[in-house]
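Both of the next two complexes hold subunit A, though its partner changes from subunit B to subunit C.
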Partner chain A sequence: MNKKRLSYLLMGEAGIGIILILLCGVFTVFGRNFATGGNMTNILTQISINTVIAVGMTFVILLGGIDLSVGSVLSLCTILAGLVITNKDMPVWLAISLAILAGLGGGMACGLFNGLVSEIWKIPAFVVTLGMLNMARGAVLLISDSRTIFNFPRSFNVLGSVTFWGVPLIFTFSVVIVFIGYVTLRFTVFGRMIYAIGNNEEAARLSGHNIRFYKVTAYVICGATVGIAAILYMLRLNIASPILGNGFELNAIAAVVIGGTSMSGGKGSPIGTLIGAAIMGVLNNGLLLIGMGDFARQVVTGFIIVLAVVLDTYRAGLSRMLE
Partner chain B sequence: MPTVLEIRALSKSFPGVQALAGVDLTVERGECHALLGENGAGKSTLIKAVCGFHRADSGTMLLDGATYDPATPHDAMSAGIRVVYQEFNLLSYLSIAENIFFDRLPRNGVFVDYPRLYREAQNVLDRIGLDASPRTPVELLGVAQMQLVEIAKALSADCKVLIFDEPTATLSPKDSGRLFDIIRQLKSEGIGIIYISHHLNEIYEVADRLTVLRNGETIGTRNVDGTTIPEIVKMMVGRSMESEYPFSEDVRPNEKVIFETRNLQFKGSAHKVSFQLHEGELLGISGLVGSRRTETLRALFGADPKIAGEVFIHGERFDIRSPRDAVAAGLSLLTEDRKSQGLILDMPLFQNTTMAALDKASAHGFMDRREERRATEQYVAELSIKTPSIQQLCRNLSGGNQQKAVLAKWLYRDSRIIFFDEPTRGIDVGAKYEIYLLLWDLIAGGKGVLIVSSDLNELMGVCHRILVFSNGKIAGEIARKDFSQEKILGYAYQEYLK
Partner chain C sequence: MRKTFLASLAVLLFAFAAVAGEKPVVGLVMKSLANEFFKTMEEGARKFAAEDGTFTLIPVGMNSETDIDTQINAVENFVTQGVDMIVLAPADSVGLVPSVKRAVGAGILVVNFDVTLDKEALVANDLPEDFLFVGPDNEEGSYLVGNFMAEKLGRGSKVFIIEGNPGADNAKQRKAGFMKTVNEYGLDLLSSTTAHWETEEANTVMTNLLTRYPDVKGVMCANDSMAVGVVRAIEAAGKIGQIEVVGFDNIGACQELIKEGKMLATVDQFGPEMAANAIKVGFRILGGEKLSGWIRTPVQVVSAKDF
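Here is the complex of A and B:
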């Protein structure tokens, strides 16, 4: 392999992939039961929801934006979908379909709000989505009367634990979302514009493009992935609750950043984000298996996030050296 | 005179490009040595090697007779090599004194010794004749004064060689004259000066000798006295040029008006602007800096909001509120600042080429890689863009090639009306001529081209007609047969003399 190709690979997803493989290696040696089929299924189930949210977050961060509201919006989506799905006046198939639409619609509406407000009044996304975080949390507590919803249709609940050769169905869904995100960003006009705007918004605007459309749409896409993640969450835990989702925004942002996407925008990909989410999942699971307590795990995970970003700067340097 | 800096057979290559291929240059104490060459000739790489940004692959450098091999820019600075760049490196909220001594503030324990700082800064300012208090924040200074602060910064340390990179690009003629006085004074103090400029006439003002680079090689060193501009140009481009500007009486503008604006007003404009552009016409806009030439173009293109005014294209009324409307209506705007507004530097050349015409390079919402490749390769060939591949990031292209990349982007858009702000600023003689030829190709194809330029000779050389802006008003319109510098300047100052 020539140097240029190697440096290109190191700069891309392969670099973070190596870190993931190294981590798996370490846990295979030191953690009992890490490298078993059952545990792998476990990890895949655990990272599915974060992966889906993080794909949407990737779009927003590529534009140089941020969405802090995903956690509480996810909770809102589960309650909206939960209220519909438990409606006994409809046939089950219709209730499930409408519930999915309700979850998606709720997420997209919140994303639309985030995008429009920050674009029309030129307010930093950090502030608008921080407001949305609170609004959605308040709204979901009001709508649900702070009660958890369960008793979903049986046919819905069983789907959550379906696996194919050890691969959970909900993880398959999240891989599909990653794939759609990847194709959109890499091969479509829309994706090209996301990178262009993230790199140099003024130059993109002067090239005759409607910047506002692309930016708002990115927030709507982020909201849509939150809606999808909400449905996956319901499949997995068979409940809808107004108090879940706390801190999800930070996990999603961490996955995006560990996956090599630049916080200032313009550089990164959903494949990296998937690997980033996997690194977080493997860490959480592996540290537990080597007998680390909850609190210590949190310390280590936080440290690894910082370390990943530091390593990323070295990766860039190494790749430049090879050039 | 003793030699202060001697460069022998310096070579440096980057992937796909041999930037320097054995360059020789000697600078003597008290000499101003002009370094000339087209864009991509290797001037910037040479300067970067001297300043410790690049490590040369082979060759030697001697500073005051001792081997000099800077590993970092800091090494170069402590050895006494300083650069005044075209773009300033000043911290605008800090004072002049703090900027001058930024890397070595005099201290009193942990505190800055301000009385001493201001005293020492005052000494340096006196030396170059900058009449301002060292306490003034830099943001309050004009461009010329900021440059003097940069020079003061360089002189405040022990400076042996001072390099000027396009120092007059942003200066008015009066300020340039003052800069030349300072350079003469520095020469008398025994400092060796390397002077880089695209303005050949300046060389005769300040330089003693000149060295021309082409394709990374030293073509020759001459005494400035006794060397003519055509000789220098021949050394730079490797062939003699018959005329600086292509102009043909055969290509005449049509009677048909393809673009017209009536009573245009935008934020900050005191006057209403109306003019027409004909099919096949090259219309120039002249005026002093601050006469709202650029702002007018931007308002017409929808880049900045306008208050009032109508725009007609081919007689049809268009309401242009954004660059998107403008492009859809058949306008192109090539901005003066290509690095921050024209190109997306961290994206590859081919993605920049299609940026203004994604509809042409895509189908059903998906990018058409094959078409992108085809179009980019076509423009790389037509405009002779020097690049190792179409995947190259625009950041890594030289200035002239970046300008060609912007051109490629808009040529691919194929608009009927093209606004071009400072088409040749910072571009060397050879590439300038290529760009003029291209403008003529465009109008011969029936397009209308509007150029804004600060270079009067350029406007008089290539345009059919010139509009002169003065303080936001079109003070005059001059037809080609009546072109003269006096006339243009007369109109340009008109509104300021009232």
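Here is the complex of A and C:
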């Protein structure tokens, strides 16, 4: 491996990976039972939902956009899927399949709305998705009459705690999503266009590309990942609730940014996002295991988010120097 | 802004209609109707109003637990309209006191329920310290359900407390009740951690605490939503039957868990009747009775034998 490639790796995704490994090292030394198979399984379970949402968010942020609505849309998707899955008139396999479609469809519809409105009327995504945050929350409260849905089919509920050699099933789903996201962005024309538009929208427009199509599609993809995350949430906790998901958008954005994706677009990848989500999950888990109190934990987590982004600014400069 | 405006509009319309009807008008200011607990409370009050038929009820709810503005506006609109009674579950026990002061000054009877107004703030606003309050004893409830668990586990057992929002009054009171149990039964409190009333966060916290303290025997949760997440964590760890869980609120999902034997008990504070009870107390005062201080509403432990 030549020097340039190595330095590129260290400064890129591998760089954040090193932060993750350092954190794990610290917690292994100071945290009781941190470095055990059982605890690794737990951390993987805990980051699955955020990872899936954050992959969708990566598409949107790569285009210089943002989606603040993911938390309440997630809640809406769980209730839509929950209403279908508890329908006793259908065979269980049909109810589960339709529930997954309901979750996915709900998420994609919200994403389509976000994308279309912000593109057709040139409204900042911040505003449109803030509106959607409220619309989805109101809608889910209306639909559910503010009640939690439970009593899912037993066969569905047990899936949530299934693990293969310590790897939770729901985490394997999120790894698949990360992989699909990575391949799409890296090896398809569609993905390369996302980077091109994120880097220089005007240049992409002048070379005759339909920018609007790509942007709207990115929001639909984000909505779809939220729909999938909703199903994972139901697998993990066996409830669908109209009040869940508060603040999930911030966790997803944090994972994307810690993972090295630039808020102004054009730079980053779902692999980095996965590592970003893992850093947040490890922090959350490890700080508790070393016995840190609630408030101090919040301070430290916030500080690490800022630190990661500060390091990121140096990273960009350093990698330029090394080239 | 928009929701505040709509809420005001609704209050105005209702109030005009009500004043025209000449029945006494009761303004009910609720906390977040997104919370199942308050939703059933509001329904209970509506049902009571419909059955009673001697007064007009105008309920107002908020969109989130922390939306203090909407509550303040609702109280002020009720004052402007000159309702006969305001029944208030404050979102902030200090922030609502000046509005209460204005209502009392305008000669409107204010009945405080669910969460107590802050004593210092009351005194600072020249209101009596023992301002009328109708509500459950949160501390008593969590103490009772904590004891129920401690009886089953035995003295000196290892336990966790999963707390509600730091700073929320009912979270503090419930923790105080659990702490009374801990002291009385000499329980070994391994950790007391917040999960902000949320299922997912409680699931994460419980899973992580189980890693640190695999030998825990009991968990006391400050509400049932968190108990759901805790039970799921125990289930995922394959420890159902080895760890007892108690909660607070008696929501449907937890009743199911108790029936399945995955959860030991919860506390019913009779939410659906709580607002109705407060209105009844208000009418006793309007009828000439002198009442003040804390009028306790019942709390009861609910366990498998109740189903």
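Observations, loosely collected:
Rule of thumb we're sticking to: the second predicted complex is superposed on the first by the 321 of 323 C-alpha atoms of A that agree within 3 Å, B and C clash if a C-alpha of one lies under 4 Å from a C-alpha of the other, contacts with A are read in each partner's own complex, and residues count from 1 in each chain.
Just so we're on the same page, a contact is a pair of C-beta atoms (placed from the backbone, for glycine too) under 8 Å apart; a residue touches a chain by one contact, two chains touch by 3 or more.
Every value quoted in this text rests on a predicted model; they were computed, and no experiment measured them.
In the three-chain model built by superposing on subunit A, subunit B and subunit C fit together without any clash. Across the overlaid complexes, the C-alpha centre of subunit A sees subunit B and subunit C at an angle of 130°, to the nearest 10. With both structures placed on the common chain, the touch criterion links A:G266 to subunit B but leaves subunit C unconnected. Legend: residue contacts after superposition of the two complexes on their common chain; A:Q46 is shown touching subunit C, with no touch to subunit B. Of the two partner chains placed around the shared chain by superposition, subunit B is the only one that A:A203 touches, whereas subunit C remains out of contact. Counting the residues of subunit A that each partner touches, subunit B and subunit C differ, and the larger count belongs to C.
Contacts of A:F190 after superposition on the shared chain: subunit B is touched, whereas subunit C is not.
Once chain A of one complex is fitted onto chain A of the other, the partner contacts of A:I239 are limited to subunit C, with no touch recorded for subunit B. When the two structures are aligned on their common chain, the gap between the nearest CA atoms of subunit B and subunit C comes to 34 Å. On the side of subunit A, the complex with subunit C involves touching residues 31-34, 36, 38-39, 42, 45-46, 49, 137-138, 141, 145-148, 150-151, 160-161, 233, 236-239, 241-244, 246, 284-285, 288-289, 291, 294-295. Against subunit B, in their complex, subunit A makes its touches with residues 4, 187-193, 195-196, 199-200, 202-210, 266-267, 323.
The touching residues of subunit B, counted against subunit A in their complex, run 15, 301, 303, 322-324, 326-328, 333, 335, 340-347, 351, 355-356, 358-359, 362, 365-367, 409, 413. By the touch criterion stated above, subunit C contacts subunit A in their complex at residues 33-36, 39, 63, 163, 166, 193-194, 198-200, 203-205, 207-209, 211-212, 214, 225, 228-229, 232, 235-237, 251-253, 256.
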